[in-house]
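There are two complexes below, and they share chain A, which is joined by chain B in the first and by chain C in the second.
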Partner chain A sequence: MNSKTQNKVAIGGLYGIAGFVVLILLALLGFILVSGVPQLSWHFLTAPGKAFLKGGGVGVQLFNSFYLLILAMLISFPIALGAAIYLYEYAKDNWLTTTIRTAIEILSSLPSVVVGLFGFLFFVVKLHLGFSILSGAFALTFFNLPLLTRSIEDSLRTISDVQREGGLALGLSRWETVSRVILPAAVPSILTGVILSAGRVFGEAAALIYTAGQSAPALNFADWNPFNISSPLNPMRPAETLAVHIWKINSEGIMPDAKAISSGSSAVLVIAILLFNFAARYLGKRLYKRLTSA
Partner chain B sequence: MKEEILTTQDLHLYYGDKEALKGINLNFDEKGITALIGPSGCGKSTYLRTLNRMNDLIPNVTITGTIKFKGSDLYAPNADTVQIRKEIGMVFQQPNPFPFSIYDNVIYGLRIAGEKDKEKLDAVVEKSLRQAAVWDEVKDHLHESALALSGGQQQRVCIARVLAVSPEIILLDEPTSALDPVSSSQIEATLLNLRHDYTIIIVTHNLQQASRIADRTAFFMNGELIEVDQTKNIFMNPANKQTEDYISGRFG
Partner chain C sequence: MKSTQQLERQLKRRSKAAKLEIWGRLISLTALLLIVAVVVGIIGFVASKGIATFTSNHVNLWDFLSGKNWNPGITDAHGKPEVGALPMIVGSFLITILSAIVATPFAIGTAVFMNEISPNKGAKILQPVTELLVGIPSVVYGFIGLSVVVPTTRALFGGSGFGILSGTCVLFVMILPTVTSMSADALRAVPRYYREASLALGATQWQTIYKVVLRAATPGLMTAVVFGMARAFGEALAVQMVIGNAALMPNSLVSPSSTLTSVLTTGIGNTVMGSLQNNALWSLALVLLLMSLVFNLIIRLIGRKGRLQ
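Presenting the complex of A and B:
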């Protein structure tokens, strides 16, 4: 076999494998969407759930998912940003930073169910936060922080050192260089990372089952005082999310249309995550264009 | 008699254990262009970067000797590197505009220093770009990204960016080696324009370039300063045999 045929065989093999992966993905998506999309309706997306009867919706769960996501992002983004800037722009290579990096590495490969269990023992039990949005948001922060830190660090890495030298040589301080040159230049890529991690957080179930809880008390969407128990904003209420809902229905759902609700919820979840991914690409590209061209 | 603006005395620099500069004594008068030439790896960039403390960024660098800028020690414990780099600007081999508009690139230093007056900023942008001889080419798209410019235009915008913070000394490390001949000669013209107002120190591998633009030329080899003199002396009748060999292309 000469090298040309070898090349052809290799390329053919790789195409085959790639095609197979795409096929599995499409089949999976197709299955979820085909069985789920017919269940979707405005009622389904907005109505509260019913435990024993037909016709419940996932409105509360959907709201909970977004609320938790936003809280978790609000907590984890500043920390991750600070950590990433410190690690990449300031930290010298010594045992301390090596330890921090290793810790982040390990944290990011921790199974989320373990993070959930830790969240349960620490936030729910020890700190008496109970099954609540807040416990869930903290657990999600733990789950998200290492991933986000690494992704922001990678974004900073894509900005070439000549930019840093350029800033410093202009008489900018280290911090001015980082905050006024490097960060703005890295924004598109950081944003992409944030949205992608938002997608992961949005679909996370295991870390939430024992922290944000598995019940979704009906909410009064007219009451926005965070101190009232039925207010959507109350951070101390238990809050089942969409992903947890799917798990719950499938393991112990007793409503007659459990199957339909589960399919519908899965479709919503998948569509939301797809939207996150497309938004990440689109916004990242647009921002980059805005920054680099006319 | 001209003032000496920058003096280096017995300057040694070590990367770890490796001695890259072996006792350099070299002074610069105010204004005019000095070219640093020499074979690859002889320490030209290293020397240049000690002059605005860019080597501080590299770990494990040890520097001994004295560098004085207008009489004050550049490496004194209380020296302000940020201020030093404002007064001693630097242009790099690879054009490195920030990924912002041309306008923003030029005023970045000033704006961060707190200058808000729009009229003043506009004036500085125009003056700096004119000085860098790139105004006519970019004046109609000041608010477009600097990355959309050609390499030569980018490099001149980088020069303008340095000029905007009004330094006294401009260091350039092979500023034309990544550029085509036309852009290179535009940069050379720019530098010739600036030589009456600034002290310019330029590293170059292009001997013709040194002979065209430099008032004075310094020849480095193996971390040592071999010879420094008026450019025409270095090229027409060098005092040192090694200089002569290098100039006539016998090595390096």
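Presenting the complex of A and C:
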């Protein structure tokens, strides 16, 4: 075989591989949406689940997912922001910084089930928080911190050093330069990173099984006092999220329509993540246009 | 006299900006140290729980790693508890290596296609689709595995359909987008003039790809594959849903078996804190943690070697 035919065969093979991969991925998305979307209805999205009967919804789980997401983001964003600022703006390039970076990398590569087990050991058992939203939010924070820190650091890196020099030349302190000049310029890409990591947190289940628990007690959506046990805002109640729900009903569910509920829930998860993705792209671009003169 | 002292103090006093600077620096440093504390805490806690099996329950480390019977509640003929973790360790490695073997050619092929053959289609179709698939939650993969892959395996090979083969299929699809996008990054980092020089020497496109681009990108591609393997090794729920959860040595690819993560997810809730059954599970978690450190180390070594070349 001369090199020209070889070239043609190889390139044809690569077309085949790429086509096959696209096919797998489309089949996957297609399966989720085709089997899941017909299950979706207002009732399905808002009604509480039923343990033994048909026709339960995922209202409580959906609320729990969002509540946990917001709490986890509220805890992890300030920490990640501070850490990223120190790492990129202050830290000298020495062995200590390298070690800290390694530690963050290790945290990001830990299996999420290990993070969940640590959360179980520390928050649920040692600190007596029990299976609760709070334990879950901390576990998600640990899961999220390294990824968010890295993405914010990358955002800071995209701001050119001219801006920093300009701030310092005007007599601003380093902190003032960061908080008044660099951060505003980095907001669009930080926001994109935050939304993308929110998508990951939203679908996480392994870290939550033993921290936020696997039960979703009925909630009274008229009661917004966080200290009442049936209030949706109570951070000490166990809270099964949508992702955990899919796992739970597939491993030990006894309702007759477990399959339909999981298809519907999977579709909700995937659609939510699609929306997060689009929102990240759209908002990032739009904010960038508004905040800069570009 | 007094007024000069006052003046001196006033002049030497820290300005508002300087105070703010110290505060800002302190707060951001605290945040960073908090993350480090979390890492140390996780490793410390899991390690201290994990070695309890060997220190307080006096299980022999070698028996733990090489024993084939996992039944922590029961003692064997010699009066020793049956805590052989080999079936799970073998299961985890088998499923990781198999899925990496299947995923690597597809991932690298797709990355080459995206980057070298049709950058236009790559940017328009493949890139967004892979990015999206990286974000699909693992339980969704598990659910699809349960409702599509397991019945298919059952129809083709008989048995229950649960097992290493189904797990491999699910993990293959799960790690494919990650490995693809990291491989594409690696290929993108190869300088343009390498390709131009090769083509100018009269090499065909395939020769350029095979002999120049792929060779230059090897460290990056290896990192991508190891990263995919680390993800496959640590994946819990998707695997747990399709592997069958029988703590037996896998004697075929279609017989129910288990991995470290699957035993952990099913077991931790059903054992009492501090008991041998529970400690043995924490030892599995420790093995998982150590393996993820090893994967991290390998990625670092590859990165260092890549820089030296």
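Quick notes on this structure:
One rule holds for everything that comes next: the second predicted complex is superposed on the first by the 271 of 294 C-alpha atoms of A that agree within 3 Å, B and C clash if a C-alpha of one lies under 4 Å from a C-alpha of the other, contacts with A are read in each partner's own complex, and residues count from 1 in each chain.
In this section, a contact is a pair of C-beta atoms (placed from the backbone, for glycine too) under 8 Å apart; a residue touches a chain by one contact, two chains touch by 3 or more.
All figures in this text were calculated on a predicted structure; none of them were measured in a lab.
Taken together in the superposed arrangement on chain A, chain B and chain C fit without clashing. Taking chain B and chain C in turn and counting the residues of chain A each one touches, the greater count comes from C.
When the shared chain is aligned, chain B comes close enough to touch A:Gly166, but chain C does not.
When the two complexes are overlaid on their common chain A, residue A:Lys92 makes contact with chain B while staying clear of chain C. In the superposition on chain A, contact is made by A:Ala83 with chain C only, not with chain B. By the touch criterion stated above, A:Glu105 is placed in contact with chain C alone, chain B being left untouched.
In the superposed model, the vertex angle chain B-chain A-chain C (Cα centres) comes to 100 degrees (nearest 10). In the superposition on chain A, no contact is made by A:Leu283 with either chain B or chain C. In the overlay built on the shared chain, the residue A:Arg180 is in contact with chain B alone; chain C does not reach it. Between chain B and chain C, the minimal CA-CA distance in the chain A superposition rounds to 8 Å. Comparing which residues of chain A touch chain B with which touch chain C, the overlap comprises 172-173, 176. For chain B in complex with chain A, the touching residues are 52, 54, 57, 59, 82-87, 89-90, 92, 94, 96-100, 108-109, 112, 141, 144-145, 147-148, 158, 161-162, 165. Within the complex formed with chain A, the residues of chain C that make contact are 17-18, 20-21, 23-25, 27-32, 34-36, 38-43, 45-46, 49, 105-106, 109-110, 112-114, 117-118, 125-126, 129-133, 135-140, 142-144, 146-148, 173, 176-177, 180, 204-207, 209-210, 230, 233-237, 240-241, 261, 264-266, 268-269, 273, 282, 285, 288-289, 292-293, 295-296, 300.
Those residues of chain A that touch chain C in the shared complex are 3-4, 6-7, 10-11, 13-15, 17-18, 20-22, 24-26, 28-29, 31-32, 35, 78-83, 85-87, 89-91, 100, 102-107, 109-115, 117-118, 120-122, 125, 142, 145-146, 149, 172-176, 178-179, 196, 199-200, 202-206, 209-210, 243-244, 246-247, 250-251, 259, 262-263, 266, 269-270, 273-274, 276-277.
Note for the complex: chain A touches chain B at residues 92, 160, 162-163, 165-173, 176, 180-181, 184-185, 291-294.
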